[in-house]
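Below are the structure tokens for one structure; questions will follow.
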Amino acid sequence: MTTTVTKLEKLVGKRIKRKEDPRLITGTATYVEDVKLPELLHAAILRSPHGAANIKSIDISKAAALPGVVAVYTGADILGVGSVVCAADLPGLRKPVHHILAQDRTYFVGHAVAVVVAKDRYVAADGVDLIEVDWQPTQAVTDPEKALAAGAPAVHPEWPDNTAFIHNQEGGDMAQAFADAEVVVKQRIVSQRLIPNPMETRGVVADWKQADKAMTIWTSTQIPHLARSILAGQLGLDENRVRLIAPEVGGGFGSKLNVYPEEALMGFVSMKLQKPVKWIESRRENFQTTIHGRGHVDYLEIAAKRDGTILGLKLKLIQDLGAYHQLLTPAIPTLSVLMMPGLYKFRNISAQVIGVFTNAVPTDAYRGAGRPEATHGIERMVDMLAAEIGMDPAEIRYKNFAGKDDFPFLTAAGLTYDSGDYAATLDKALEMIDYKGLREQQVQARAEGKLMGIGISTYGELCGFGPSPATPAGGWESATVKVEPSGKVTVMTGCSPHGQGQETSFAQIAADELGVPLDDVIVLHGDTSIVQYGIGTFGSRNTAVGGAALFYALQDIREKAKRFGAKMLGVEDGEVVLADGHCTDSNGNSVTFQQIAGAAYRGIVIPTGSEPGLVATRFWEPSNFAYPYGAHIIVSEVDKETGQIEIKRYLAVDDIGNIINPLLVDGQLHGGVAQGLGQALWEHGVYDDDGQLVSGTFMDYAMPRARMMPWIESAHTITPSPVNPLGAKGVGEAGTIGSTPAMVNSVVDALAPLGVRHIDMPMTAGKIWKLMQDSSIQEKKA
Amino acid sequence: MRTINVSVNGKQYSHEVEPRMLLIHYLREVIGLTGTHMGCETSLCGACTIEVDGKAVKSCTMFAVQADGAKILTVEGLAAPDGTLHPIQEAYWTEHALQCGFCTPGMIMITKQILERNPNPTEHEIREGLDGNLCRCTGYQHIVNAVRTAAKAGA
Amino acid sequence: MKIAGTSQLPFPPEKAYDLMQDPAMLALAIPGCNSLEKTGDNEYKLSLKMALASLSGQFEGKVTLTEPNRPYSFKMLVEGTGKIGFVKGEGVIKLSGLGDGISITSAITATGIEFAGDAQIGGSIATVGQRMIDTTSKMMVKQFFKKLEKLGLGAEGTNPEAGGTAGE
Amino acid sequence: MIANSFEYSAPGSLKEALALLAEGAKPLAGGMSLIPMMKLRLANPEHLVDIGRLPELNYIREEGGAIHIGAGVTHFEVESSPLLLGKCPLLAETAAYIGDIQVRNRGTLGGSVAHADPSADYPAALHALDAKIVLTSSEGTRTLSTEEFFLDTFTTALDPGEIVSEVIVPVDAGLTGTSYQKFLQPASGFAIVGAAARVRQEGGKFTMVRVGVTGLSGNGYRARNVEDALVGQDVTDANIKAAAALVADGQDASSDLHATAEYRAHLAGAYTARALRAALSRSA
């Protein structure tokens, strides 16, 4: 009974098209807005039009009397519901109470004031217009630096200095670094407010069943289990009687790594009315009330030797927090401090983070969350230093990189980088783009009066969030592998992918480990009644952490399958191998994985000390973050007449560790780069001094469109991470982090002949033109 | 209320609607075709793109009453009745031209119009053609590839 | 938002000043004004219908005239709230006498107007209409002074219905 | 996201439509400007008359040495009309710059002209083309020049009850070169500035110059000072530059989130020069 076992082709590492796509390309996927239930009611929310205002009175009588309106609730009705939760903590952190509907005062434009529940969304919207509020507007403050100034209006009257926290971190000996310095370069660098704008806005359906004391909530979230725990707490329900479903989620980028007032509010309404209720956020609400990203003002000082050796970096970071803390708001700028040193080996840092309340929607995690700001800071400062001492930007980077033999590398900020060969990645990028040739071309271009720039960023990031002590609400991940009697495999991941493609990449891993066809594996996620407790999707963690949990669960399945196989083949446990879907003994006799699965459930042949069934669950806690890195190079040209920037070439060489599916990796990178270029060139969430969000629709908030994006050339070096068994690092945020400094460095390089040394984002054509005007005036004067 | 008669994906429908009902809400909530998505309210994201009488339009910027008598095609009507995907759907799948999938129905519908008017577009023409459709996930590069692949397939 | 600009009226500052302190005249000159009722010292209740392209909205609010310094300057505060948003504008209007522009000793026959202040626009119109706010506010100021000119020259003013027609 | 209630009429004839408009109803053409405003409840008409599908407003024909375009013609039809592409390419080129494919498929020439958005593309081209705008109401018809029609920000010579029914553009003789050049606002795609130029040259001199500008100020306009500075002058780039630099003179340049008044004025000059150069290269 010797069988020939055909070697199966490994799926990991292959460009495999996604298993999730058929439903998405045929219009048959179910997003929250597509959820329909009998007797479903619809909610619409009245929001503050003022940046800061007292509510003198609210009259809901006209709204309540409108035919079709079922109920209207205001702040007075919801006091039994818990306030919005912030999971982050810092010593001395001031935490304002954030009720799910405003009480006697509103703190930002869009602040929820009342909810109208009606038979359809049209009537609900009409009802909102009929609520009369007697507002008493007060002076708002939206600029974080102005908010810190003496005499500024207090966002929260109890804290007149508008300061939520001050966080200090020191590494090494900064005084010595500055004493030893031959050059010090200083710059104020702004990372502007950004609006995440996933194409699907937020939405919630809540369905309370009184008889069961059970609540089902569909919500567009990246963290179904955490959201369930928090919502159960807010609503006073048993956690096991709350089922939270993140159905198809139309993008998040961090903005859905949160639990918002509307989620508990819909739960409250459903419980009050004993009917299911739906709320779908409008785009305008999304702009005004879903978290924003960035909002940094950084004062940076870099100390160095004339030969380019960096000695230290000093940072004063003013973080615009907005009016409240959402789930992670105060933690985000602390990540910037951790990534301050970038890829460089200097030993001294000092940082002070000042968290500032403003009359604006809270900032929180947006793709990269803290790390793009840090990378932008160090990569800009390195370029400015290079310019100051007349050194090539590539050379100064080589001079300061942590060496490939330095790993694990303990940084000045206290992190231990896992693995890397930074010089090799930059080598590859410089070679691919013909850096030497480009510099020669630039000399020629400048001679012809053209403004050509070459910008390099060698970024690093921490991702694969993360060790639990360093990740609010936990940083582990879970996976269950359930092999059915037929041998078909169901994977349940605690991650909550929403576009990243883990239904495919996790199936690839499972198929390889178990030797089953890809089509035999399905991956479930996002439903707390189906999936074991998990953390969710953020911080480029799905593969590095969720994939690792899956890997270990698969090993448990393999071990058990081998024991069943050995028993079926009549040999000892250790005498079989499981490969290519077969369990084979030393004589070449084998049983298939499917036969083993059948036997495991039939229960007649049970290995000693084992038990029927073939299911394994693992919770995996990473010992460290993972640290991807890369080199992005942008060649640009500035139109002298208009200031418009043209990207001539975009090259990304990234080292994200081992790659499960290159097709998905390309997609993540391209998307990340688009968001980075969006920040560098166009996007800006602008509040005026009175708290109005003036870039409040797609008319004024410039999202990258197809015609604005360059072609992205991409390559990789591969340095596996030793932190997880897959050797994966993470790619979700790499493009966003690497791109902004490359873009700004490129344009600053283009304008260097005019004496330009720094430009804040977004580098709009008008801003560049103005800069050229001012520079040329200076030139003429000089 | 007004009565409208429309053909959607080859099926005839007649309903009484409020004049203010948007065509997208009619398709999603009255007929029950939820493949078409609403991504903004300023007619700038294109997620709601469908075909009305052979022309790509944004169904969030049309009242259902304006479509009275029209022939409408939505993403659900692209695949053959036996489930065989339209070449554009195949191309989006093959090229990994979607991630979260929310903008995808609109992208696919505008791709159809781009290729009907220009069967062999350049990269520049593709990008210009996609100007009314926002995608926040892909950076558009794979979408450009998908349009090219669909063009090669003669979509 | 800062607003600032200049205008001219073809009559002397005293007359221009008095026109702008006269609620009946203001009611005629403020674009879209339905009524302006005196509610206190230098304070008037304002009802205004703004109609611009497809956009239209009813605003209720008040006009306050302070710091009178005839005929040199005064301060004007306009506030209005409606379903589509709210507007609050505060500014100083300065008047100066202009001659014929040829000889410096010529009699003062016209008024130079300089205004500068802050406008606050909020609610729906602020979030969606960025593109239009500057052009629209400029147009309304222009209309205001044009109407004032006609009122001052006595071309209109007896007929409260005589709003600016599109063709003028 | 949801409009207020309104009454809707879809008349079968222009006459019927005009009668309803005379009673105070508002016209709905393609709806590309109106419907977004209604969804945001900034526009709240009580009664809409759908004139978007009237066959009487849907034609492009050559007649008496001019091209007559019905107001119901869509931007896509303008951009792809063989007649316009052959005999009035400026209007077709300009239409192709409007919005995106979906907007051009629905939006109409008449609707855009009547809306008089200060950043719309058509006004620049229509000024440069010496176009005529035909206005119709139940009282009758009148024909205005563009300068008589476009009065100010979103303000035209249209009386209540009156609609734009037709736009008349010239058949450009073979020697005329035209071009529209636009600097896009990155978010909305509207013109920060747009400049349309129409030129003829003979013996190395400009014999006819028309320049229309949009986006710079509250109202599109014909830049007569630029035209006057060039006619009769030698065809040189220095002359073009010098004349184009005059384009913002006397204009109250707009300022917003996307461009300061100073930058807009500069762009207007730059894009006027670009349009003139491109037009020149197309004039035989």
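Letters A, B, C and D name the chains as they come in the text, with residue numbers starting at 1 for each one.
Following the convention adopted for this analysis, contacts are C-beta pairs under 8 Å (C-beta built on N, C-alpha and C of every residue); 3 or more make two chains touch, one makes a residue touch a chain.
Because the structure is a prediction, the values reported are computed rather than measured.
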So which chains are sitting against chain A and chain B at once?
-> D
Busiest interface, counted in C-beta pairs = A-B
What chain is the most remote from chain A, judged by the mean position of CA atoms in each chain?
-> C
Chain centre separation in whole Å, for chain D relative to chain B (CA means) | 29
CA centroids of chain B and chain C: separation to the nearest Å works out as 48
Whole-Å distance, C-alpha centre of chain C to that of chain D, is 31
Note: chain C residues in touch with at least two other chains are 83, 124, 128, 130-131
By the touch definition above, chain A meets two or more other chains at residues 121-122, 129, 282-284, 694-695, 697-700, 703
Which positions in chain D touch two or more other chains at once?
-> 1-2, 4-5, 38, 40-41, 185, 187-188, 257-258
Chain pairs that touch, by label, are A-B, A-C, A-D, B-D, C-D
Which of the residues in chain A end up touching chain D in this complex?
-> 121-122, 125-126, 129, 282-284, 641-642, 682, 686, 694-695, 698-703, 708, 764-766, 769-770
Would you pull the chain A residues touching chain B in the complex into a rising list?
-> 17-18, 20-31, 33-34, 121-122, 197-201, 248-251, 253, 282-284, 498-501, 663-664, 666-667, 669-675, 697-699, 703-707, 709, 711-712, 735
Chain D contact footprint on chain B (complex, rising order) | 2, 18-20, 22, 38, 41-44, 46, 49, 55-58, 60-63, 65-66, 68, 110, 113-114, 129, 131-133
Give every residue of chain B touching chain A within the complex, in rising order.
-> 18, 20-21, 25, 28, 33-42, 44-45, 47, 74-76, 78-79, 85, 89, 92-94, 96, 98-105, 108, 123-124, 126-128, 130-131, 133-144
Partner chain C, residues of chain A touching it in the complex = 49-51, 109, 129, 284, 287-288, 688, 690, 692-697, 699-700
